[in-house]
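Should a chain be cited, it is by its letter among A, B, C and D, assigned in written order, with residues numbered from 1 in that chain.
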């Protein structure tokens, strides 16, 4: 729910008397769950893993735990909770991610060098912030509840990122650590259920509709014109993708965007991000996962692809990527016949990440949340198996640069 | 005209008997004009200017003259003219721009190092290719005529690029050479004629329609839905832009895309690309142009902006950039009331450069012309004062990365 | 003692009967001390500090503990101790520093990314290796004793490096951690005791002489011709260096090597590596140390200088750096009148690090220890306050590239 | 001759009356020769070759012609010739090479972008400066004559550099231009004349001695102690070097300095700089030269080696590089029995480029000529076939960084 939408909803609740108390109680419960889950995520790690940063795009686990806490400290407790003692300004500097309005911040590629504060200090801070939140939200001020809700969804985003970043950091180590033997995606794609789902197109609406939480970039709901199209009922599998590779997919420039071909050559791409070969072999038969190195399962959906690879694959098989509007409409029309729509892999679309017509970011520093990233990225739809339960939404717009591969991306074809 | 469209048109001409001869004669005339103009462009240069490459994105004048000739040599004469002796394979390697299907090519950033072949050799080659074309096109084979027409429009594009690249190369030299005292844009923007032109929006069509030449990326013509909008009747002026700068435009991150703010900081942007200060002054009062360093005229349209600057300016004044569909529709509805639509400055739009629904590139190497650049760029509409006469078109889709500033870009506001 | 020298010494001991047992006992005692001291060094650290790598030239504390153990595992236990189970080959890959003869190794700049093996595993390995060493050395095989002695001196070098690297890693963190409030150098330079110590020069010998341990690069002892010279009795102080800075030392290119001036400009050098200014001040009044940020003491010797800064300072005051031969001869002639010769700061010399005439590295992989670094570095003489007791020697040749500043370097003038 | 030495010599001439006039006449004659030769060097070039800069270390031919003229304009004519109109300050900015005392200058890697001033303007400037020199030197002021002499030797150095830089620039072009079919080195190394020339060593002197011109870095003449040594009578040949390569010379890290091995891997070195393979072949059978691509002659001396390659080769065959003192002494003792000492290839020595004991650079900006380059470079002795006649000297100290290969370097062994 946007801040504005949330205010409307809360205003209505006021008339209901006990409704307000219920809202607060519910939020406080959720808060507990979400906040505790972050800490549960690091329970399996070795102390030095907490500072691990595999590349500039990723952040160490410890940083994620601190940054999500900084969000509450900065946007809720400091301005609104009387008597709250804010964190050390140096911590603010270290754990601000990208909010320009809040001043200078620590350079992202050097987050792995922040060995201090120690994890014990951060966990103590988390506790202090949690206590502050409980006190602050008792009154049920709708604007604060709305901000707290944003903070929790923000933390859920970082839980997913924490695991993706960890996969990257572990993948770069010769010892190939196992995060959790049970942490990997188990979905399979059944070739016999493949089906082109037809959609009539025409003039329709997309964007968030309803009263629940959503990010500002999912609104305003607006009209789009779509030509008739079909969407594949399921994701592309490893077996499918191996055929593309066997047909020279990574050696044929005519299948690629010019920019993608340059990236491929520069980085030496020959397969998806975490595929592995056995020592002497030419064949890609293994995949690095949160459960360690595993055999590559042909029936699993292909993942950790850049947009460039997804786009080249689609071109190779005479299809294309769906636009984000097509994805949303097909999901609305076909419901669960659109298999693996959620809790499997984020799905690249053909749509550059740009504002919906009439989009307005929220006022103030929180307005930097989404709007300022609307150039040179593509939209992904759906959600993935690492997405916290309840965080997914059909109108959700995830986004990454077209050359990124470390996040849990897959692809679905359109025609 | 696309290859397919051209074939249809030629087929019709065949029935007309003399029509075919007329088509050929007309094309041969055009050919002469276009080809000679390229050579006229370098008449004012010093010999060492011909090898000047100011940056990796730009190419030396000599290279432009050779590359446009290579296009005819490779796509027309070698495959189709019996007895034609192709150029040295090394020349092909050097003067191929980006056609992957044609094999390896010389790295773009090192074009300035190609001191050979000497200009005299290239001019002799141009002559030989021109003679070949005359012979080849006598028969009036429609497919070849169509390809030749593409080659001529390609050469016109490079004429414009040659001058933009030269401006860049000259701008980097302490001696600030003058290309031509009369080469600069003279358009002025009259503040009293500023007007918001309303458009009703709704369901409409955009894309090329007709029988003339056009690039493949302008098709297929297709439906789009537009909310009601207004477009400013004229371009933003230097005076307008100076107000943005005086209001801290280059110091306020909240006005910028995150990616743009990073570029601004990294490159130290403080003003448009070619603006200059006098020695001791803090004020931007001069501009480097093809006519050398000139006083900055407040009434001239602001130019050599990146998309990031155009976008930030629009946000600053509470407006936005138009989508490319809006630009094309407003032009259709308001005609010449949309001032400076052509022959002034290319105009940034809010639209990422992506294929129109149903877009298909031409078969073969020529198909690399447009389609493979459709990621991480934005569309510009209109044309500029350096565009060769007759090359402009309302459906023309020019495109550049959002951080590029050396091309003749300006901006028009929408709401 | 070189391997050859050690063999001679051991051979002599054999005749003595109990001498051999004494040698072994002594070595085993030393071993215990040296090995335990490494572990004592990390006792004060937080768990995430163990993986901290501030820059490519430095290594994390955990890596130092593992690498020094790898040395014994690889060069002593694997080839010589029957039944010894070598470490995981991946560990070998990770903890080999630069021994090309031993195959591929993990890239140095990415040592901070090795979150595994965990510290507990490394400490267990250390114990296992220590036990193995005790067994192996019981027999008193002179060659093995000699290698073990090299391994212990190697570990002492890394103890010093560990602390220097930690200072670098801590210095990059906004929280400015304190390693140990008592860890800083306390030496002062008394201006009233400054004295030019004259040396007659002439034909003399330098290089190691004797029966004790020494590195191969300190031999062969050989003749050099020296003109008469004088050496300053003490090191240059912070107060001295502040005068150089006040006189524009960092703004006057004529004082600098061309290469040094380029480095200065590129890295923005304005003062020694760890000097700090208070927020609003122009004055350098603080210094970051292992005891945290401290007031800059004028009477302390200036430190953490590059060779370029030391050379520029010497030129500024009309003096020069001593050659390494001059340093060694002055130390021989004047003994303790050469103040701060040891246990204060390593002292830059004017001598490029090159082999002594007739130098031969040891056979095998251990031969990579010193010889292959003899280009583009300068020699430092003496030792520093972080040097383990007993590790210092007058003939010791330390060496670093001329732009390095993170090691404990100072300077002494010559004329 | 140093400035001081020259003054002495001139003072003596004053007593001789006509001696002074003779000196002036001789110098003016030399001037004419030297200056004209620079212009003769570019006679064979195409106009675009004049701006060719193949890499940051090299400069375009036009720049060399301008820079050598700037030297006279700046150091002689501007300060000393009444009524002389100095060149445009922008030209000074462009054509200053590295004299920090003279202010800002154009960045070296961008010299190839200076398409202006045009060559015609530079040739006119050269003429004007030559006329000025004739007038200025008429009076025979010894200090000015000395400076003019320095300027002429400076120009000779640049003549050699111009050709080396051109070879580099031509070597990067696919068309492999020929500078002059007769420009290549014709020396052969006769294997039957190979001989180790013994030298007794001991206490001896090196450095320039005499009354003629010399650079400041060749003085002061000073004592050195040398152990007995032998020098090979001739240079290493291509045939010799091919044996090193066949024995895995470029694949065996134990033969290389650590720094050199890193450079080798980073740049992919597999053979000397200009060696070439035929298309499909594994064998190095050709060499790019100023006479174009030529068969590799086994009997020719190997050339265009980095110091790292020379050092690795010497280690491979159980020898070493001579120190510069050994080279100079062997030359003195054995004269022409030291074959190829001059006019063949510069010969790498084992000596880092450092000041002779007591070295003092000249006062003022001219003092930047040599002294400030005395770090991280190695000395080469002798001269090469591109060295202008009369410019060579036994005490001459040439110097380059150990990874440079584009200059005409070869190697001679010592033991």
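Methods note: contacts are C-beta pairs under 8 Å (C-beta built on N, C-alpha and C of every residue); 3 or more make two chains touch, one makes a residue touch a chain.
Only a predicted model underlies this, so the values are computations on that prediction, with no experimental measurement involved.
Enquirer: Give me the fewest steps it takes to get from chain B to chain C if each step has to go to a chain it touches.
Expert: The least step count works out to 2.
Enquirer: Which chains lie in contact with each of chain A and chain B?
Expert: Touching chain A as well as chain B, we find no chain at all.
Enquirer: Looking at chain C with chain D, do both copies bring the same residues to the contact (over half shared) or different ones?
Expert: same
Enquirer: Chain A to chain D: how many Å between their CA centres?
Expert: Using C-alpha averages as centres, the distance is 60 Å.
Enquirer: Take the average of all CA coordinates in chain C, do the same for chain D, and state the distance between these two points in whole angstrom.
Expert: 38
Enquirer: Approximately how many whole Å separate the CA-defined centres of chain B and chain D?
Expert: Chain centroid spacing, chain B to chain D, equals 47 Å.
Enquirer: Can you identify all of the chain pairs that touch?
Expert: A-B, A-C, B-D, C-D
Enquirer: Using the touch rule from the top, collect the residues of chain C that touch chain D in their complex.
Expert: 98, 100-101, 203, 222-225, 227, 253-254, 256-261, 307-308, 311, 350, 352, 354, 357-358, 367-368, 372-376, 402
Enquirer: Of all residues in chain B, which touch chain D in the complex?
Expert: Contacts found on chain B: 46-54, 62, 88, 90, 93-94, 106, 110, 112-119, 169, 172-175, 177.
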